[in-house]
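Chains: A, B, C and D, in written order; residue numbering restarts at 1 for each.
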Amino acid sequence: MQLIYSSLEILTNLDRESILKSIELAGRTCYKSEDKITSDSATYFAKMICKKGHGAVLEFGPDITVRFIIDRGVSHELVRHRLCSFAQESTRYCNYAKQGHVIFIIPPWVNLGPGEYTKLPTKLSESENIWFNSLLAAEKAYLELLQHNWLPQAARSVLPNSLKTEIVVKANIREWHHILELRCSKQAHPQMRGVMLPILNILKINLPEIFGDIEYD
Amino acid sequence: MQLIYSSLEILTNLDRESILKSIELAGRTCYKSEDKITSDSATYFAKMICKKGHGAVLEFGPDITVRFIIDRGVSHELVRHRLCSFAQESTRYCNYAKQGHVIFIIPPWVNLGPGEYTKLPTKLSESENIWFNSLLAAEKAYLELLQHNWLPQAARSVLPNSLKTEIVVKANIREWHHILELRCSKQAHPQMRGVMLPILNILKINLPEIFGDIEYD
Amino acid sequence: MQLIYSSLEILTNLDRESILKSIELAGRTCYKSEDKITSDSATYFAKMICKKGHGAVLEFGPDITVRFIIDRGVSHELVRHRLCSFAQESTRYCNYAKQGHVIFIIPPWVNLGPGEYTKLPTKLSESENIWFNSLLAAEKAYLELLQHNWLPQAARSVLPNSLKTEIVVKANIREWHHILELRCSKQAHPQMRGVMLPILNILKINLPEIFGDIEYD
Amino acid sequence: MQLIYSSLEILTNLDRESILKSIELAGRTCYKSEDKITSDSATYFAKMICKKGHGAVLEFGPDITVRFIIDRGVSHELVRHRLCSFAQESTRYCNYAKQGHVIFIIPPWVNLGPGEYTKLPTKLSESENIWFNSLLAAEKAYLELLQHNWLPQAARSVLPNSLKTEIVVKANIREWHHILELRCSKQAHPQMRGVMLPILNILKINLPEIFGDIEYD
């Protein structure tokens, strides 16, 4: 089996100036105040919109699309955000026998590096052993079921939550603000936080007018 | 471990007359034709609305709420219907050690009845053995991880797609029509079809004006 | 022309006990704590959900449907709540010549009672006269355009925002909470507030666990 | 008063290649078939997706934003598309006295060119006269009410559906396909069709794989 870390990639070009200008241009339509647009008015306008809670205007920045590589446990939580668009690796149509192994995600509390594994490394703790062996056994069962002519959509039954999945998520800036507020808090699942905090940090740097108010420990 | 079949329960009282009357009352607002309401006009009105494709009016029947007991593989597909409301058993907050065992769903292609199982029944085929033993091993790993003080939200990593989950789904009649069209077709996952076809059959009987056009093999 | 006041009617039976029980039943699915349901646990559960901000669970009470009779200015704001279902009197398909007159809504700042009017009452202020005569002229133009064979969907061009419209709005309890928070605040349009405050007052009485936190002057 | 024609401007850069590539990249995640991407595979992929009705994948093209200048009658229909983002000129906050006149939209059935008008042109038909004079009177009433210290949000009561409004609409490609199918059909309001057909024509040229199937008379 192959073990990898969670990861993410922001697919959208975060051009701060053009994002703020899109928001300003749409927002000023409401007040017909386009004549107040200057070369540096967009920053002020975005701050004012956020302060007033006029969130609908934030929807006019370009949507931000993120590719996540996470486990199926986390992805099941992620797809509950109903205002996003999702495209996810299908366990019905992907046959992992073709790549000869199954890929799982290493959670942050397991002290193991990424790599191909066919047997138990010696350095693991007892509980890590249990987790590791369970995945190895699940992979074996999955591959054997395929050999017994179970379709991937049937054989997936034995694949655990640690299974790696890829999911592309597209949402507008207002919705990302909402998602990041929830999913960067301490109440969030640690693996969810693990992929959301890097996004928040990038957005706080690129769009401080909009994401600067979200705090986390 | 405990093995059970998928099941479902429609929690909403399907009172055909009051459903059609709600739809008619809202729909006739559009045309201000409330004076055409008679004791039996609602059936005709609903048929006309469906024929014209004026689906927005169907949203005014009372929402239908269904409790599903399914596996986590199917529930991951189900929650992709973004117009529904969902309340789902949480693998973060439920600790299955409390009930002493884990519950899994028997897929329709496994020839085994529901019950408590601690060892392999003799009558299974080779591939069914693989599936069965894989779940037994996953349950064991999960319970051991909890004993090693992993939280349920961490120990869930080893739980497979066959894990039983309960999920309450609420949607309006227009959305159920859309869901049932997709999920009762032959392209749907057999376990999804297994819980959706009974709903369709009940709705075809109770609301033939609205669901009568959905066909399946 | 006919002048009437704005009004509203809640079409849903607000049975507090069954609403709270629906919420509790769905919500406890998340924690599998159905065994904690007692005859009076629902109130406590709903309060806890609101305090925790677990709004998704509130979606499981039955949707509340309200029929509004308001002016077209207000209805244009109302339909911006994108999570609602709407059925609205159509200015394309309704021909007000059939009823012989056009109906307008009296705003709260005009000191005039409802009734049929064919000429200016003597008691109005100067600005009220302007408003009154403008509506009378708009009605005349509309009816004449229909006589010149303009279709209602063309003749509507001259009908003003004061035009009476009927609109049925259905939303879940979580969404009503959001709408009422926005539309009962002092920032809301006075005619919008005029129809929303009565709803809030009724819901505060019937469902204090859920709507008790919304305050207004 | 000022009379103008309806108009629209597509604010999004319709770069066909990058749109199709975004769709392909997200869509192939579902099947993990990224290895099949070639320099010209995106066209084929988009066609296949449309043929299969796998509309969720179309949501991954960049959203298309359009600025409309239309009348308030049409905008009231437009904002009923609940999956869009809207930013609309506010009749509560814009004070048309500042620009010294009110702007109205010339419907296609009125034979009059754009311009500033203070009195009735001689060339109009009888019904066009009625329409023209009605707008002139509405403008006068509106400006007088403001002079009597009515706020814009109160004085708007007398402004008719012909009032010009600006509205910025953002939606994903899947939703635009749905909107254009409905709003370019012969059942649509002629003024709605008037602004939607140009969009459809542009999208049919730029993205024939996706919009080529929509037909109109």
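Note that contacts are C-beta pairs under 8 Å (C-beta built on N, C-alpha and C of every residue); 3 or more make two chains touch, one makes a residue touch a chain.
In this text the structure is predicted, and so the values were computed from the model without any measurement.
Under the contact definition, chain C and chain D share no contacting chain. Where chain A touches chain B, over half of the residue numbers in use are shared by the two copies, so each contributes mostly the same positions. Comparing the centres of all chains, each the average of its CA atoms, the largest separation from chain C belongs to A.
Chain B and chain D have Cα centroids lying 38 Å from one another. Note on chain placement: the centre of chain A and the centre of chain B lie 26 Å apart, centres being C-alpha means. Centre-to-centre separation of chain B and chain C, using mean CA positions: 33 Å.
Counting partners per residue, chain D has 86 as the residues that reach two or more other chains. A list of each chain pair in contact follows: A-B, A-D, B-C, C-D. For chain A in complex with chain D, the touching residues are 11, 22, 25-27, 29-32, 56-57, 59-60, 62-63, 65, 67, 85-90, 93-94, 166-168, 170, 172. Those residues of chain C that touch chain D in the shared complex are 71-73, 75-76, 79-80, 82-83, 86, 91-92, 107, 109, 126-127, 130-131, 133-135, 137-138, 141, 144-145, 148-150, 153-154, 156-162, 189-190.
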